[in-house]
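For reference, chains read A, B and C in written order, and residue numbers begin at 1 within each chain.
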Amino acid sequence: MGKNQNSRNLTRRTFLKLSAITGTILAVEPSFGVKEWAKAQETNDKALKIPTLCNGCTSRCGIIAYVKNGRIVNIKGNPLHPTNKGTLCARAYGAAMLTYQQDRLTTPLKKVGNQFEPISWEQAYKEIAEKLKTIINQYGPASVMYMHNPKDVGKFYGNRFMNAIGSKSIQTHHSVCYISRDVGLKYTIGATPAADTANAKYILYIGRSVADGIKPSHLKGLIKGKDNQAKIVVVDPRHSASANLGEWVPIKPGTDLALLLAIANTMIINGWYDQQFIKEHSIGFDQFRKEVSSYTPEWAEKITDIPAAKIIEIAKDLGSARPHALIDPSWKGAFGCNYINSAETARLVGLLNAMLGNINQKGGIYLSVKPKLGKLDSNLYPEPSKPEINHIDGSGVIGEYPLVPEDKGMPHRTPELIDQGKVRAVIINHFNPVRNTPDRHYNINGYQKAELMVVCDIWMSESAELADYVLPEPTYLERTEIVESLSGKKAGVAIRQKVINKIHPNTKPFSEIITGIAKEMELGHYFNFSVEELNGALLAPTGISYQELQEKGVGQTKEEVEFGKIPKLKTSSGKVEFYCKAYEEAGFAPVPTWMPPAVEPKTGEFRLIWGKQNVHSHSSTANIPLLMAVTKEYNLERAWMNATRAQQLGIKDGDLIEISSPLYTGKIKVKVTHRIYPDAIFLPGGYGAFAKNLKTSFNFGLCPNDFIKSATDPISGNGMMMEVAVTVRKG
Amino acid sequence: MSKIYVKRYSIIDRLMHWSVALGFVLLSITGFVIFFQGSASLLNSNIGSFIRILHRIGAVLFIAAPILYLLFSKKRWAWSEAFKWDKSDIGWLKAAPKHYFIGGDGMPPQGKYNTGQKLYYLFALIGGLLLAVSGLALWFDWFAGKTNFIVLIIHDLSAVILVAFFFVHLYLTSIHPRERKSFEAMATGMMEEEYAKHHHERWYNEVKETDLVVIEENKNSSKIKPITSNNLSH
Amino acid sequence: MTRYGMLIDSTRCVSCFACRLSCQTINSLEIDKAFIHFVEKEEGVYPNVKVQTLPIQCQHCEDAPCVKNCPTGASFQRKDGIVLVDEEKCIGCKYCITACPYDARVELKKDKLVQKCNFCYQELEKGNQPACVQTCIPEARIFGDLDDPNSEINIEIKKRNAKPILSQYQTKPKIYYVNEIKVQEQTEKDIAGLTSLRSDLIKPAAGMVMGAAVAGLAANYVVATAVKNKEEKEKRGEENHE
């Protein structure tokens, strides 16, 4: 075709539009007429294709960035990356726009009075270092808290820095995410496993929606399972985007534990479990059998609202499909951070999978392998040792929160620790606890009292607004990070690398920021290496060259899961623990037992449940215009309400409703649907920004955190973010 | 030399007429360039967009002038004439074909507007209204889908009918060998007394006491003198 | 011959919007303009409820009403069946938007023209699949040659009993859907008949009416002038005679 047909991305008009950065998505070149079109096509093909890792969520899929004249012109999935295999979800495309976001921070800021003033990096490093030194001298190193969403750079540099100053006060976002899952599974089967859904014959999801909280490999796994005729059952108070792919079994929120206890009981009574596996690879099964014997399907029906016959059916189907049957280890979902009984639910998930004898079996669960990475030579690069002190928030401390992993901590507790004077300085990286942990005012009041608050971010988040120093980072497309490990059936390594130069030259990646502060604190000798040197050392044992990794973005190492062979578990006994000594010592029931949710909505009230939407990663993407455009076009910010309940309250689809908890009252439009349990109200998780410089997301929608009182599950340390009852009326 | 004229159209009447006329010509040319596949296929996006802008300019002239006229002219209800029909109109219609081809008499005496003019006026009113409303609906996306398509067809049809009648109008007023005087009337506002008497007898009889003027034509200028009883007796 | 088409399996679609975003990105669209939109339909009463989402984009109809309605020929169909918009010829009249039963066309206000899904024909030339197919995680989309009986798409259309939606409008769409829930028949959109009426009847008739008017008037002019001249001649003759 000689015609210049449809050359959308080639006309002058398009180019002019694009020069206004945020007007359109990505940049293209001007071109006129037929010849130029052909030429442009040619150069389009010549665009640099650089592999890196996505930042749309924390799954870090492989992307290939198409770069022309220093601008991103397109992105595609990296077919070599095992997580996404060439595909990408919506967020990836939205995130690719981050670099050109209008709200980005461009220079270090210091709060003077109520205003932020630009300062130099040198001044920022110096002042922060000085304040840190004063605080450490006066209150001890534990009063310095480091908070982050743990990714390899933040873990390596942040933790090394904390070790260097002698503080163990490190918190990850897990207590407001999936900490309960990890704790429950750790104390039953030793670790959080992965699910081989692709080869399963029966897949049971409890509150997990792989189509809403998308990790491509999880969704692909479910689809592969479906293609292989697996029976798929989705237990969820809400008919999620995944529910359509299988059978939806609605459940009263917070009662998953009762369902699983009854399934266990039914399987035991009927012998629908792997008795040989249990005999050889577990401890405490008899106590467990005794404990669950009273949890009949009829008992569970009253609690869960799932018919006893359906419970028996699930137990039977699981049993007959074993070992190619599994209960998905989930994510945040039902047994993540949400309920007081979530850790116990997670224990049951571990134990039921064990009863199916499916550990490291095809179509079962498996314990992922990790690559063996190298280390910096400590003779050349001195390494600080880990401090031998207790975690300031009580994580892993006997008498406080003994089962909470001390490398994760409980960030939702930090405001009260500041209030108590235990924490004086907070350094936050890649995390926004002020918005993303419960109770806005508790958070604001707490963090305001911090003597020093440093936030590294790309824009002025709610947390950054409260900070004394805001340090701007380049976006993920503008920085090279450290080699990271890929775990799974096969292990591998991947790298996020710079694909374009910094748009805002006065931004610095976290690795440089930490190094800069450390140097001012006379700790520079712990950071006497470049990212490249570090990457070389990390890669050394893998046999993959740094150059090769940079070219492909991902590389496979030799570790591989041996299916069919049961590994030694990482529990204290090395076996599946139906009876857990650690629980007993911590003062909890050693054998899982029924535990009702902490909050029970009264008649007429609703439980506020919430979750992810597949176009957003909570609040971290709500400020991306491209993704918010989807929200607005399809009214995704609406609260979900059961159609029958809505009718009783005289509420129609699209009406404004008022949701109230003792803490907060907010108005939002309602989606009236049959896709939700009658006594639950669903809110999407990522809206309701209150940082005024997040111009796209500011003041749009509601954030569930505003309704929730900060509390802590004593077993796993979760933030009990679903333990809230609300009233609803027409607004 | 001097001639007697009848005052027929005020300056406001004529401004209204000519801006509607200009708008209509602009609209029909730009409209039909896009309407007919043959001419449209010669367009590119720049010329086409320009034509669409011209079409909108035409639309503003076409719509705004009558609205202003309706608001500000004392003769705002003149259009209601078009709805006043009587027996003489039927006689006119019967006699018209012969008259317009061959000429001669036999036409019943007419008012300010003859039956043909009223007929045209009627079409211009109804068709113009349809055209304007459907055009605005298309311009401002009032409808979508099937409704919009029906609106488009209404726009097409009213345009085609109006243009056909416009040809007749144009022809009779400015080309037809016997009727060109009415073009002059719309151009100058004056109609020759002779022509008025002949073509609009009833109207002439109504206004002859008040609206006659004498125009003295010199080489370079013409003087308008109101007619009084003095100079009437020529 | 190659004749491109697509299968969209809505029983696999999880309405994640990835296709929309990938399409917006590869086509450099404005943030609130998209070539793919979604129709969601919920059916049933709690707890027996189903929901289905249909991603809808240009169906590259064989008898495309947009092509028929485009005055300038900017909308055209390639030999391989892909319907495209020639931006050099599009004058932004939006007749095609009105004509499309699938709401698949988008007015790009800033560009003052209309665009739509182009099956990523530029990607096809490089041997790639359209962006929406490449990005789709649950593999809900299959793209291929409908004229090749052995193509994956043809095999899957048969196997999954995929059918075009709104086929009652006789536009012969080339996207085949697998869906368990019937799409509401949007009678509002039934304008195929009107489309034909306009292009096959109204337009030629309009030409004829206007031509006839001109011809009639010309005839009148000839006759009336002749009569007048004759009369004047006679008059002059009479005068001379006197």
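Quick note on the criterion: a residue touches a chain if its C-beta (ideal position, glycine included) is under 8 Å from a C-beta of that chain, and two chains touch if they have at least 3 such contacts.
Small disclaimer: the values here were computed from a predicted structure and weren't measured.
Q: Would you identify the chain whose Cα-based centre sits farthest away from the centre of chain A?
A: B
Q: Which two chains does the highest number of contacting C-beta pairs join?
A: Top-ranked chain pair by contacting C-beta pairs: A-C.
Q: With centres defined as the mean C-alpha position, give me the chain A-chain C separation in Å.
A: The answer is 43 Å.
Q: Find the geometric centre of each of chain A and chain B from their Cα atoms only, then give the gap between the two centres in Å, rounded to an integer.
A: Each chain reduced to its C-alpha mean, chain A and chain B end up 74 Å apart.
Q: Using CA atom averages as chain centres, what separation in Å is found between chain B and chain C?
A: 40
Q: Check each residue of chain C and list the ones that touch at least two other chains.
A: In chain C, 87-88, 112 touch at least two other chains.
Q: Can you name the residues of chain A that touch chain C in the complex?
A: Going through chain A, the ones touching chain C are 1, 3-9, 11, 13-14, 17-18, 22-28, 41, 44-45, 74-77, 84, 86-90, 92-94, 96, 211-212, 214, 216, 219-220, 222-223, 226, 239, 241-242, 244-245, 248-250, 614-615, 625-627, 629-630, 632-634, 642-644, 673-678.
Q: Would you mind writing out the residues of chain C in touch with chain B in their complex?
A: Residue list for chain C touching chain B: 71-74, 87-95, 97-99, 112-113, 186-191, 194-195, 197-199, 202-203, 205-207, 209-210, 212-214, 217, 220-221, 223-225, 227-228, 231.
Q: Of all residues in chain B, which touch chain C in the complex?
A: 34-37, 40-41, 43-45, 47-49, 51-52, 100-103, 138, 141, 144-150, 152-153, 156-157, 160-161, 163-165, 167-168, 171, 175-178
Q: Going by the contact rule set out above, which residues of chain C touch chain A in the complex?
A: Spelled out, the residues of chain C in touch with chain A are 11-12, 14-18, 20-22, 24-32, 34, 38, 42, 44-47, 49-52, 76, 78, 84-88, 110-112, 115, 118, 121-122, 126, 131, 134-139.
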